[in-house]
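Presented sequentially are two complexes of chain A, the first with chain B as partner and the second with chain C.
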Partner chain A sequence: MKLPKFMNAVIMTAAITMGGSAVQAQQAGGSMVFLVQPEPPTMAGYVSTSGPIGLLGPKIYDGLFDYDNDGKMIPVLAESYDTSADGKTVTFNLRKGVTWHDGKPFTSADVQFTIMEVLKKVHPRGPNSFKEVSSIDTPDAHTAVFNLGNPAPYMLRALSAYESPMVPKHLLEGQDIKSAKLANNPVGTGPFKFTEWKKGQYIRLDKNESYWKEGRPYIDRIVGRFIPDASTRAAAMEKGEVLYAAYNAVSNVEAVRLNKEKDNISVTTDGYSMINPMALIEFNTKEGPFTDAVVRRAISTAIDRQYMIDTIFFGYGNPATSALSSNFAATGLHAEMPHYPATGDIAAANQMLDDAGYKKDSDGVRMKAMFDLIPYGEDWKRGGQYIQQVLGEIGIDVELRYEDVPTWLKRVYHNYDFDMNLNYFYQLSDPVLGVHRHYGTNMIRKGTHFVNSSRYSNADLDALLGAGMTEPDAEKRSAIYMEIQEILARDMPVVNLFELEFLTVYNTKLKGAYGSAMGAYSSFADAYLD
Partner chain B sequence: MNRSSKILRYVAKRLIQGIPIILAIVVMNFFLLNLAEGDAVDVLAGEAGSATPEYMEEMRKKFGLDKPLPVQLAVYLKNVVQLDLGRSHRHDMPVTELIVDRLWPTLLLMTSTIMLAVGFGILLGLFAAINLNTWKDAMISVFALITYATPLFWVGLMMIILFSIKNDWFPTSGMENSAAFYEGLDRVKDIAHHLVLPTITLSLFYLALYTRMMRASMLEQYGQDYVITARAKGLTERRITFVHVLRNALLPVVTMAGVQVGALIGGSVIVESVFAWPGLGMLAFESLFARDLNLLLGIFLLSSVLVVAVNLVVDIIYCFLDPRIEVN
Partner chain C sequence: MNSFWNRFSRNKSAVLGLFILGLVVFMASIAGLIYPDDPFLYSRFPLSGPGVNGFLLGSDSIGRDVASGIAHGAKTSLLIGLIATLAAVFIGVIFGAFAGYYGGLVDDVLMRITEVFQTIPSFVFAILLVAIMKPSIESVVIAITVVSWPAVARLVRGEFLALKNREFVQACHTLGMGDVRIMMAEILPNCLSPIIVIGSLMVATAILIESGLAFLGLGDPNVMSWGFQISDGRSMLRVAWWICTFPGIAILITVLAINLVGEGLNDALNPRLRERN
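Take a look at the complex of A and B:
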């Protein structure tokens, strides 16, 4: 049903008002124990985007904005923003009366310091997100004016507490930010304060009584528990010892079972759209058997993506149809491309290789290769085994290699000692933030993880990526990314497999924790226990 | 010279001998661990999502990982001699603090497991030997065989399913209730409650070992000449068993228990992982994958000290069990 725009607005307003009046029914108090897997190294979300830090950090630190499940910006530390006509000045009006957990006031100086000295310098993705920010003016304590070299529309998608947490200037200034004490004793403006970290057991956060949002948070205490064994995690969920488990901390097979057998346990795939994970194969385009784009296209054609999703990931996922995720369709940055058949076409793939002159020998083998697998668990091993089988059918004989994380990272991103590599990347909320790093010539960085390990370099593409980054007009931007997708579907330095759907398993006792597009990486200020 | 001063001199001598052994272990561990590909910086940067090469170089410099290996070793040895185990790169905390934090849950699990396993093992072995070749003996042997052959992680999971999910008797995992945070005596009770399942799981395996060993050892002693002599003197069977045979039969069991204290630290990784018990085994396991070598070396150092110490204690227990064994 299509409603006129104003009707939508009316309904939205009504929904918000009703949501507001329902507040009375929400109970305050209680402890919310959830799974954090694995145990994080520190709690410095401003230095590391590591998953488990993301589960805890946003409860302690606020961002300027949050995003709802439709991608709309929700004001947090910034009440509103204003972009100038040329797109080169963005003014943030900050919330008044916000204090850090140690009682000091939060001001525009903190915002300036966080962006310029912390995120732009030591955050893994910050230099990208805030690349165009040349300076920040602070005309008063509650106004921060970002001066940009070029328009940077993607920047507004990177302001969440997970992606860009606001940190206290007075506790970091003049110190080496990477080794500052704040990493293990976090002090933020968020709804929960850090209380205790029992290594090997849990991290405990307690309610911030002076949180800026009236009456929030509802919950008295949040505890993140570490349980190394996957079966025990499922048992703890089943028993109700933990109430929430995101990012497949409870495996798909157990999640599906619990969802079916238990009335009080449910699953959702919401809360991952800003993360946008994509399973893929990276190829070594400089050495080895995959220097020819025809072979890479044939591989993409042969793989039955739907089969992988159905049999290995219990139906959770969508076949990839381009270098960009279909989640970008909302902003007009996605189109279906050739050589991405959902169910695979072995005959066509064989034909492509035959036509290109790759002859099969007496054993039916055209070429041999080593296939590295991301060492993140059994699902990826099984995925590798499936692909091994399919490639066998088109005459590519691959051997699987599964190592531990440091060995694998060093091999792929430092030594480039690989032929093809099964992996997954976060495409994040905009291609500039999550996808450019995979293809740009400037992202061939020896020793940096999760960048252009294919060492693919194409001057035309580089120019387009540059243009896509600064183009403020939505339609023109869409055209640029169309061209980018066409080039990548032709050259295929990376073959996308499918858009992963992570599962969040939760006890229905926990309510109000599902409204943010950041999912588990959100603040839980509105969460309550029934 | 009297016995106690003899023992003291012996202990002092053994302790001095232990120092070069421990140092050799440290040096060997250092080189062995450095054979692994990748370092702590690779792992940290990998988890962080992405990091620039300059940033990684800077981190290596900060951790001292940019220096050649022999220099790193010299620095480490110098620190160890001053009883400083360095900092964990991953946790950004002193190694000693991390280890001490995990030591007491480890000791708790280890002591309760050894007491349960050795205690019940001795009893069951004794009972089996007394009732040789009856149905009681057969039952005990079958029980020992099954518990010995069953993988620990499976036993652990079955325990959780049976006693935690099907019957709400024990918590699934962890060391304390992390929703309630008890204090004082309630906390002690809570920890004891959490300790039951992991202790039973871990001791089942060792229990089987001690049962079979005790049984065999008893039977061997029964065949000795001194038993015949005792019978000829007219002693009761009860006195022969409990005063003469039992004491002699205990020697190999005590030896075994001593050797296994060292193994228990590492061998409990599976149980610690299944029950989320915050012990040293899990810490060592995680630090290996994080290439947190300082921490790993610290744990190894501690366990080698522990093994040397326990062996010494076992040797001294021998003297009391069998007065014919003398220290010198």
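Take a look at the complex of A and C:
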């Protein structure tokens, strides 16, 4: 595979000459190759929220709205919406003249079908997002009226192409949605059409010539490449073979190096605010050593969050200060709580355990525990090993367990056979969507992944979560979530560690791809090559 | 014994290997004295180069001392190599002895079983076993044992086949000795030399398999080992070369030393082959 030196020179010259002509902005044409890691199982974003599907799906399917980096709603398939005074009716005015990639027109019937028959039934988070939607009326082809049981302000944060893609009724109706052929031959209304899937290598999407937005997309072709090895991915980025890598497809350490060493490679942490990933420890509150909230609070107090961010994630991240991400501060739903010190306080943690009567034995051990680690790679193993050392200092002797993904999921979310578990959750764009599932009694769902595995159950909290879900008034809602955060800072069934900041590494040749809060999970209709 | 040492020391590289191996064993045995702290202990000085901030061979991404890891890792590597080899030799000798001594149906059955294990590529098989059991020091030892014993079984069977009709064995029969006694007390001592040689080489293989498993993330996360250090530092090779370079060198010279010793043992224990050079 090694090219002779002079060949490289020839290619380089050619590249420079071609690049030289691209002076005017927003030039159309070109191929955009980016990293998709790992290879997705299907492209059915309406059935799975899996990351790699999110990278490709929103380029093929549109949502009703998109969101800009300030969280403002940008019209996509819906041009506008109206909420009735009581908050129980939301009317969407749909864009006219939109067609599916197969030429059929997009109408309100598609919206009705997507929400009621697809997202509410088979989507992992749809049943939550559209819980209050009891029916959808379609007075004409371009109007969809959502009838809600209760006001559901959070629903308007879940309308992106990633979270709620609009799917064609005529290709899914009457079929088993989960096994429909559409999963591997996606037909959407988005800026790019699915063309080819070469298993193990790439997925190719081509420009949708009849896209509803005039003059878009700029790019002719998008190729999502699958490269299993991390160092090869970094090398592909370095050599300019791929132009875009999100969700840490290029590891932080390499990203920092490339950003520093290469003029044409940059990194950004934008594009993840609707995802809101939070690193955390889930505790088994029903059995084992962590049934007492004091111990859980002591652990939260001992861990040096900033140290973990600095050393394991190379400075990208923010220490958690409550059960909710600080990104919710914009909507008034976040406040700093006690027992979340940024730098850790071993002495205070020891004091808490001493006061609670947990005596150290002659080896300095108060209790033993098993610590499961999310099997997503070395970073998490390193994090676990750090926490193991810290807990040793406060007299908790933990053993680490690192298993394969299915075994781990079964252990934590089906058998509840764990003491403490290092993990991360997406808190998403609203606590209702991403956080309630972690704490509500109704979210103790044996066998469902990433819900309340702590089996924490508190009637007061349940009532507050219910109230927070339906409260339309921003100020009252803020007060409800203050109370929720206070309860969770006291009981701590889950200790939040830090808000992860995923990194997007990109070649500066790629422009216009950074305007959406959905980041890599956005359509790329406005992206162009310079 | 003297003549054994004479023959062994005639192979200069074997003596060098023995010396290096001695150093590694010494390092492993005093690891707890020179680095009394847990090798997983983090510090405030991540990614320090060799010699910087008091780290002889540098520190890793969360500030753990690479040198301490190598010293403690030596213990892990040697112990795993030794225990897995002993277990494999034990199983292999029993299978091989019975198959070779009795022949016929017993031989067929035992050798078919052995072949089942031999047909699966050993490293892939080891990965599979560790993945099925949870990654822990025990499961790694078991996996290495399971993939290593068939070679011993085949070797021992061959030796037993060759020896079982010799006069001294027939003499034992006439004296009315039991089969097990003949096998273990008479034939086995006569085929010890090749077993020792294959065993010594197996220790080296076992260390490599353990490192390979740890490299793939299938090591025990609670136990420091060279393979773990390499897998931990691999993603940072471009930024901090020392994290995986030094454990890599440790594996290289240890495995080389064991192989040299094995060669030397072979020369010393099989004097007839000695003149081949």
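The rule we apply is simple: the second predicted complex is superposed on the first by the 506 of 530 C-alpha atoms of A that agree within 3 Å, B and C clash if a C-alpha of one lies under 4 Å from a C-alpha of the other, contacts with A are read in each partner's own complex, and residues count from 1 in each chain.
Criterion: a contact is a pair of C-beta atoms (placed from the backbone, for glycine too) under 8 Å apart; a residue touches a chain by one contact, two chains touch by 3 or more.
It should be emphasised that the depicted structure is a prediction, and the values quoted were computed from it without experimental measurement.
Of the two partner chains placed around the shared chain by superposition, neither chain B nor chain C is touched by A:K360. Of the two partners chain B and chain C, more residues of chain A are touched by B.
Once chain A of one complex is fitted onto chain A of the other, the partner contacts of A:R455 are absent, as it touches neither chain B nor chain C.
Within the superposed three-chain model, A:Q389 lies in touch with chain C and out of touch with chain B [touch as defined at top].
Once chain A of one complex is fitted onto chain A of the other, the partner contacts of A:K262 are absent, as it touches neither chain B nor chain C. With both structures placed on the common chain, the touch criterion links A:S231 to chain B and to chain C. Shared-chain residue A:K213: touches no atom of chain B or chain C. Touch criterion met: A:K198 reaches chain B, while chain C stays clear of it. By the touch criterion stated above, A:E39 is placed in contact with chain B alone, chain C being left untouched.
When the shared chain is aligned, no partner comes close enough to touch A:K88: not chain B, not chain C. Residues 231, 403-404, 407 of chain A contact both chain B in one complex and chain C in the other. Against chain C, in their complex, chain A makes its touches with residues 230-231, 251, 253-254, 257, 307, 310-312, 373, 377-378, 381-382, 384-386, 388-389, 392, 399-404, 407.
Only residues 38, 40-42, 44, 46, 61-63, 131, 134-135, 217, 221-222, 231-232, 234-239 of chain C touch chain A when the two sit together in their complex. Interface residues of chain A, counted against chain B in their complex, comprise 31, 33, 38-39, 41-42, 47-51, 122, 124-125, 127, 178-179, 183-184, 198-202, 204, 221, 223, 225-229, 231-232, 235-236, 238-239, 241, 403-407, 409-411, 414, 426, 437, 445-451. Looking at the complex, you find that chain B touches chain A at residues 36-39, 42-53, 55-56, 58-59, 62, 90-93, 98, 101-102, 105, 153, 157, 160-161, 164-165, 168, 171-176, 178-181, 272-276, 278-279, 282-283, 286, 289-291.
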